[in-house]
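Structures for review follow.
In the two complexes that follow, chain A is the common piece, with chain B as its partner first and chain C second.
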Partner chain A sequence: MSDSMNKKLKAVFRGIKTATGKDGRLSVSTPPENARDVLRSLKDEGYTHLALISCVDWIDKQKFELIYILSSYFENEHIILRTSIPRENAKFTSIIDTFENAEPYEREIHELFGIDFEGHPRQIPLFLERNYEIPPFRKDFDTRAYVKQLFDEIPFVEEDR
Partner chain B sequence: MRELELFFGPQHLGMVGNFSITLKVEGDRIIEATANPGYLHRGFEKLMEYRTWIQNFPLVCRINVVEPDHMEMVYAMAVEKLANIEVPERAQYVRSIYLELARVGSHLFGLWAYANMLGFDTVAQWAMYHRDLILDLFEELTGGRVYHIYIWPGGVRRDFPKGFEDKIVTTLHTIGGCVPDYDETFFNNRLFYERAKNIGTISQDEAVRLGGVGQVLRATGAKSDIRKIEPYAAYSKVDFEVPIRKDGDAYSRVWVIRDEMIESVHMIFKLLDNLPTGEVYNRIPNPFKWTIPPGDAYVRVESSRGELGLYLVSDGGDKPYRVHFRTPSYTHGLVILEKLLKNASIADVGNIMISLYVVAPEIDR
Partner chain C sequence: MDRNVLTKWLKQPQKMGNKYSLWAIYFCTGCGIIEVPPVITSRWDAERFGVIPVATPRQANLFLITGYVSLKTLKAIIRTYELMPEPKYTVGFGSCPINGGMYWDSYNTIKHLDKYIPIDGWIAGCMPRPEAIFIAVTHLWTLIDKDMANGYKKYREKYPYYRTNQERALGKLAWPPQFEKGEENE
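Up next, the complex of A and B:
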């Protein structure tokens, strides 16, 4: 399935790059403007299960990489779709109309990485109770400084020594 | 009738774990439900970015309190995949036996929660007692009752102690001997049928559309199990059935859990019969200086709640660059629960939630 899928994707979409890993898994990189259409066509091809939406903060390249992992419920197939968006004013389109279970994943990424998903019905806080200047899962969020500011009177172990 | 807002949990008798649901009710009927997680958000995925590959094991197993073993497994598998580590054959079998024991223990815990919620206190106490017998086995094998940190990149931490196989068999016979009692008092009980039949029904199409996995999907008649689809450990070498039910309601889900426990016990016996001899551990590089080549991997296992996945990224350093767990309770508790609670009665909230097998720490991570 993944071989024919590879050819089909390359024929239909412009700017798509594919690679096959050592384990035979297909990994697809697409420009952000195509990502929604690629996801929709993958769903039609039988990758009906959205397992995960993840986000990686590549701070050196000033990019966020969004990862969509799709799989089939009954066959040994899964595919990794990647797309990179700029780190400044990070914005992406929501895919809830294609995969309904994307809702909490996008909400979580909005909260922890500060990416705005256009078309998401409720981007309200999921886990956190405070407001942060920098969303806490970004790489430039200084956990040490945050802890120090929050629990100032408790000394660090190494400072005590 | 007047609409009211009702806060269900985190302190509520019908609620397991630190999780809450905000219900909009009209009389006894729920108009809208909003799942409200976050009471257990410890930021493990961020913390793991600051610890070395080996230091992360104690954190990983704390993500799911009820069954830490599959968490260790999925993390070890991802590290092995990124670092190209082979696992000896005996270790594969030992891992499978250990994971199936964990599945039985976790299902017994689930049965405790469900029976307790329905008021079957006796059955709940039995289930808790039998889970404790399995924890005794874990204690002898690993030194810890709840968190074991037994699976390790390259194998398992140590081999079975002398006579341990016999102890597994004896313990499982003790538990298996009580299955008729469980059936008589609980599973074939009319009260259980009346209380669980047609509660929280979900069709197969809807379960697939909303990302259901594990019992939620198998209770709708779909034979989807990662141990069969993408075998890991020793599951490709052992013959087993994937139990299913057709109706997709709470009754079916609890029956699937029962059948899975029995299937797991049979599987452990088969694995013990074919247990090969040899090493259980391949040496890994010095953990203090261990760097893993850049790359990313997605691995998945069938935990006792469904598909458990891990997306792990390495940038070539001695720590992970990004860790993201895909836990089965995430979609069950945040998407499917909200759908199923619509138009349900307040009395059924606990029933639906526990039959979906939602574990709160797994959602928050």
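Up next, the complex of A and C:
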């Protein structure tokens, strides 16, 4: 199944690279401007379940890699779709109109990586309660320095008697 | 029952009552709580030591903090601790409440739990075995006998310090101070 899917995608979209893993799982990497259309056509092909949206910070390449994992109930298969966006002023279009359950995932990525999803109805914090200068899951967020200035500064109760 | 124990009972019946009915609040923090179901069920049977889990903080007098404490959990822990009636004893279970453990540089996990609430004893390890809970309980008995498990008194005395630390970690707290703030200062 993944072979025919592979051919179909390559015929329709430009700039797509595909690779098949050992278990026959198809992984597709696409330029960001195509990603929404690829996702929509995959949905039409039966990959109706968005299992996860994940994000990786490649600080050396100055890129964020967004990873969409789709699965199909008909084929019983997964497809992994990757797309890279530039790291500065990171923004991407929301896919809520295609997959409604993307809403919490995009909110989470927005607060932890600082990627702005255009068209997202409410990008308010999901988990975090504090304000961070740099979103905490970015690689240039120095956790050790943050811990030093927040937690290590708090004195033990015996000491200040 | 041998005679020494009997005199102990007669001298301080209240203390003996506290000692042998440590009711633990069933508060699940982090991964350590996975050790508690075997402890309270038939294999290790904590009721031999008078430890049973209870549902609400008002019934409990033993607080086991099992595992890493994130900032949001700390809020719940402080509220639960303040709701428990005195005398109350706290035990930090696992290495994460002691000094952060493997979360020593995490941005959202507190490192030293005893900066925020008083702790009477620690169980080191990641994870400690269920037997370690019983060792801790028997240690706690000796501490109660010698009047050394006085974390709740310390909390009363030094409440301003604890409250300041809590506010530094959590920002503005949504509940009023439990004791008068700054009254017994020095």
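Methods note: the second predicted complex is superposed on the first by the 150 of 161 C-alpha atoms of A that agree within 3 Å, B and C clash if a C-alpha of one lies under 4 Å from a C-alpha of the other, contacts with A are read in each partner's own complex, and residues count from 1 in each chain.
Definition applied: a residue touches a chain if its C-beta (ideal position, glycine included) is under 8 Å from a C-beta of that chain, and two chains touch if they have at least 3 such contacts.
This is a predicted model, so every value here is computed, not measured.
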Which of chain B and chain C A:Asp23 touches, first, second, both or neither: first
Contacts of A:Tyr47 with chain B and chain C, given as first, second, both or neither: neither
Contacts of A:Glu129 with chain B and chain C, given as first, second, both or neither: both
First (chain B), second (chain C), both or neither touched by A:Phe92: neither
Contacts of A:Phe113 with chain B and chain C, given as first, second, both or neither: neither
If touched residues of chain A are counted for chain B and for chain C, the larger one: B
Touched partner set for A:Tyr68, first chain B, second chain C, both or neither: neither
First (chain B), second (chain C), both or neither touched by A:Thr143: both
Contact residues common to both interfaces of chain A (with chain B and with chain C): 128-129, 136, 143
Complex contact set, residues of chain A against chain C: 128-130, 132, 136, 141, 143-144, 146-147, 150-157, 160
Complex contacts: residues of chain C adjacent to chain A: 71-72, 100, 104-108, 110-112, 114-115, 118, 154, 158, 161-162, 165, 168-169, 171
Chain B contact footprint on chain A (complex, rising order): 23, 25, 48-52, 54, 56-57, 67, 69, 71, 73-76, 78, 80, 99-101, 103-104, 125-129, 136-137, 143
Complex contacts: residues of chain B adjacent to chain A: 37-38, 41, 43, 45-46, 50, 81, 208-211, 213, 217, 222-224, 229-230, 296, 298, 300, 307, 309, 311, 313, 321-322, 324, 326, 330-331, 334-335, 364
